[in-house]
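Think of it as A, B, C and D in the order they're written, each chain with its own count starting at 1.
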Amino acid sequence: MAKFQSLQEAVAENLRDGDTVAFEGFTHLIPHAAAHEVIRQGRKDLTLIRMTPDIIYDQLIGMGLARKVIFSYAGNPGVGLLRRMRDAIENNWPRAIETEEHSHAAMANAYEAGAAGLPCAVFRGYRGAGLKDVNPMIRSITCPFTGEELAAVPAHRPDVTFIHAQKANRRGDVLVEGIVGVQKEAVLASKRSVVTVEEIVEDFDDLHPNLCVLPHWTVTSVVQVPGGAHPSYTHGYYDRDNAAYLEWDKISADRDLFTAWMRENVLEAGPDVFAARVKGL
Amino acid sequence: MTYLSDFTPNEMMTIAAARALSNDDVCFVGIGAPSAACNVARLTHAPDITLIYESGTIGTAPDVLPLSIGDGVLCETAVTTVSVPEMFRYWLQGGRISIGFLGAAQLDRFGNINTTVIGDYHKPQVRLPGGGGAPEIATSCQEVFITMKQTTRGMVDKIDFYTSFGHGEGGNHRERLGIATKGPTLLITDLAIWKPDPETKEFTVVSMHRGVTRDRIQDTCGWKVRFSDRLEETPPPSELELTTLRDLQARTEKAHGGKKGS
Amino acid sequence: MAKFQSLQEAVAENLRDGDTVAFEGFTHLIPHAAAHEVIRQGRKDLTLIRMTPDIIYDQLIGMGLARKVIFSYAGNPGVGLLRRMRDAIENNWPRAIETEEHSHAAMANAYEAGAAGLPCAVFRGYRGAGLKDVNPMIRSITCPFTGEELAAVPAHRPDVTFIHAQKANRRGDVLVEGIVGVQKEAVLASKRSVVTVEEIVEDFDDLHPNLCVLPHWTVTSVVQVPGGAHPSYTHGYYDRDNAAYLEWDKISADRDLFTAWMRENVLEAGPDVFAARVKGL
Amino acid sequence: MTYLSDFTPNEMMTIAAARALSNDDVCFVGIGAPSAACNVARLTHAPDITLIYESGTIGTAPDVLPLSIGDGVLCETAVTTVSVPEMFRYWLQGGRISIGFLGAAQLDRFGNINTTVIGDYHKPQVRLPGGGGAPEIATSCQEVFITMKQTTRGMVDKIDFYTSFGHGEGGNHRERLGIATKGPTLLITDLAIWKPDPETKEFTVVSMHRGVTRDRIQDTCGWKVRFSDRLEETPPPSELELTTLRDLQARTEKAHGGKKGS
């Protein structure tokens, strides 16, 4: 049953050192505010899962919170590389991280399997691809009817999933709309989930019946953080801050510049700053 | 050689790619040149082409180019937007995509692609973003088109990592792995159009863009280039094609340049 | 690319003797008009797939069109048994039929796998259940990570799927809303598909982006048949004709009564009668 | 024995089932007595109970009882309506359902159920509708409640077909098959409430409805009935419970009786 909490409470109650955690969002609805709160609280030895680790994973990794990253595409979307993640992999700065690398298809199927309560995902994939030779978590299974060999990967079962969504109602049901990504699956696959939302409304009576709604009893914590996806966007609320993504390429290129930026904009800030950041977008 | 001043090699590459698409195609579109090519096709000779971005947006018709694979404009103009697991299961793996576009950090003569690492996987010199959708785009789409700028660093004799499988070691290597789709059937660079040899599957230059020489193609390619016996010249961009591409890019610039969060 | 056709043309062009065919609809949106046209055209030796064979399958079987039925629940929903199907299984009237019986979970997963282009569906099912001992199409697969044994069934890949939907636009895109059942999967799993709709509208510009829309290039034929789901219902258009379901229990109880009813209401009727049947519902 | 005239055995069965449900339960609801019981619970002591019908409707609050598993009212009052594959994958198999309701044509003392055939599977005397969702409801829900009217034809020593698995041959049979859920924990008939013995898992009468005798329970049951040492009497329906149930049924009758296609 969803609790309405502050972001500080929600992170403190749900995320522990050593947890496996997914922050999901496919370009749209990336939970930046939640990731920043995690950085402020300084959780350690996290295993981070995400299809498209981007700025927030660069930040979590650069601040030394991550022990391992499970991912399929590590880039600054539309811009280039993730410089903090590269620095960790290539130079162990600020610490060494393990990686478990998959394709998007594998990651999407692994969330689907997690939501479906299965131990593994089965799909047609990785044929001729190099990842299956370097990742022991990519195995195969044989169709008992056709003999076709299919790929199998373990289901994702995060301890905690963080997502950002448009709105919740007073019961704690959550609406996600637009590019919905893997968020529903990531929440249903997880043991606990924290959802930041743009607004809380009385009820969802006027919604179309087939929209993506997470019932309140599938969500652990709901937190209102207007602008909480910035510089990602929230369909119906504000646009993507493309300039911030370009800027990140420069900030993240230098360890000192990164550290100073994180101090000013994350460590010494709070969830309240996000509402101001999306003004004009 | 005044004709070269009329358009850039990048524009030629994008327009040549656009021409390879038809009205009935269902394209799995990546950001960059593929996205520009697909939308130029849609705005010129293929108004009913279906464009799909892996963010789940099906049948999109953006009036500006998206900066990321999941820009809002893709959803707003789509016929429908589905979840990412559905996208990869029903739409890509389901065999519904006729053309998948791929780019490459490293490419070999058989259309195998590396976007994962330079150097050893476990101790990389450069850690690149990785494959994303590519491993399954390469095998689930009916055909794969590759676009890239020619450089000897990019077009190499041997790639460091098989991010996605093209024709492997050539010949019937795909068949031997049980892959039923055609794989890379077209490589469009800033200098030329390449197609796999029907037997060996080695990419062969079939058409050079106007003003490009054989030497220039060889000098920017890390393997010994084969040229078709019936080598053609790529027709330069028409005025409609070039205007459409430039207008699209100008609209994109205007739309994305203006806003900045405070 | 969807063609706009008459129901007669759509059935004639898409369904052949011996085909495997699914008419889907989960209580809601059952394609009665399409099934009646198939009966009028007298296709032979069909293999019928459906989670919940109900009145239309009772009719197809009672008229001798079916060779085999693949199903998970054969009942007149909310009323009782399917008397024509029973008569075929118990007494071979009007002909013997084979059955391949599954659970709902297996059937739903088999459609999902068909839509996903996989040869088989993998799920946690049939534990301790008798069907796996009588249906050789229920096999198992072992998770390569946990060793758990999971159930596997062949994917559904119908030659043709028939569904009924709310509306199409002029391009042939189809909207299904409300209780959407397995219809999207059944269409995407099939080689060809025929969709009857209540109405054809100019465009879908005002639709929410996340609704269940089948793009025109996934549909073979679109046919406008107002009332075409009767006595099932179409959300937003007309309610379920519960009395007709009760009546069917009586009609189907007697071979002669059934035959007479089919002659009058199906063989000697056409798709146009459906619009009148839903007046007042 | 005037008290029996106050309510019918069916009403007692439905109300006893309603009482077994709590506000935090997530119920997978079948048509008939389970649907009535779940909605009586919702309209009395468990206003926040989550009702799910296998048609894909999650969190429904119908003001009349649906006649089928997919009535429009279920969708109209639901928190959300999902596809049927999603229902069976994410919601049932995902382990999110606390209570699954099952009915039975044949039931044995260990809660194993047959709704498939009477007689041999391949040459049935009576072909019943089949299992539908039951095989996986029986193993994926945290607990299973069974409701049925007692008859010697229905409550039998040996069922003809294992449509869904209860406690098998009793004891730890579920565990031995790797089934992690509890299985049937409650049987509510028109005469009594039964619970499985903690060791043997044989259903044992723990409470008899008012006016019912041990003999009547034994006479309508095909196996030798065990009664609990601490046998109780089921409290008769309260006025609120009975009024809620009867009003619900009257509204249902009115809503469904009125319309008829032409």
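Just so we're on the same page, a contact is a pair of C-beta atoms (placed from the backbone, for glycine too) under 8 Å apart; a residue touches a chain by one contact, two chains touch by 3 or more.
Treat the numbers as computed from the prediction; the structure is a model and nothing was measured.
Chemist: Just tell me the minimum hop count from chain B to chain D, counting one hop per pair of touching chains.
Modeler: 2
Chemist: Weigh C-D against B-C on C-beta contact pairs and write down the one with more.
Modeler: Per the contact counts, C-D leads.
Chemist: Between chain C and chain D, tell me the centre distance in angstrom, where each centre is the average of that chain's C-alpha atoms.
Modeler: 28
Chemist: Nearest whole angstrom, what separates the Cα centre of chain A from the Cα centre of chain D?
Modeler: Using C-alpha averages as centres, the distance is 40 Å.
Chemist: Would you please write down the residue numbers of chain D that are in contact with two or more other chains?
Modeler: 75, 81-82, 89, 93, 140
Chemist: Give me the residues of chain C that touch two or more other chains.
Modeler: Expected reply: 112, 116-118, 123-124, 148, 178, 180, 185, 209-212.
Chemist: Hey, how would you classify the chain contact layout here, line, ring, star, complete or other?
Modeler: Graph shape, chains as nodes and touching pairs as edges: none of the named types, so other.
Chemist: Mind giving me all the chain pairs that touch?
Modeler: A-B, A-C, A-D, B-C, C-D
Chemist: Considering only the defined contacts, which chain C positions touch chain A in the complex?
Modeler: Per the stated touch rule, the residues are 116-120, 122-124, 137, 139-146, 148, 150, 152, 154, 177-178, 180, 208-212.
Chemist: With touch defined as at the start, can you tell me which chain D residues reach chain C in the complex?
Modeler: 31, 54-57, 66-72, 74-75, 81-85, 87-89, 92-93, 116, 121-122, 124-136, 138-140, 161-165, 168, 173-174, 177-179, 256, 259-262
Chemist: Where on chain C is chain D touching in the complex?
Modeler: Checking each residue of chain C against chain D gives 26-28, 51-52, 71-75, 77-78, 81-82, 85-86, 89-90, 101, 103-105, 108-109, 111-112, 123-131, 134, 148-149, 178-182, 184-185, 212, 230-231, 233, 235, 239-245, 276-281.
Chemist: If you look only at chain C, which of its residues touch chain B in the complex?
Modeler: Of all residues in chain C, those touching chain B are 1, 112, 115-118, 173, 185, 188, 204, 209-213, 215, 217-218.
Chemist: Spell out the part of chain B that touches chain C in their complex, as residue ranges.
Modeler: Going through chain B, the ones touching chain C are 24, 26, 50, 58-59, 75-76, 78-82, 89-90, 93-96, 140.
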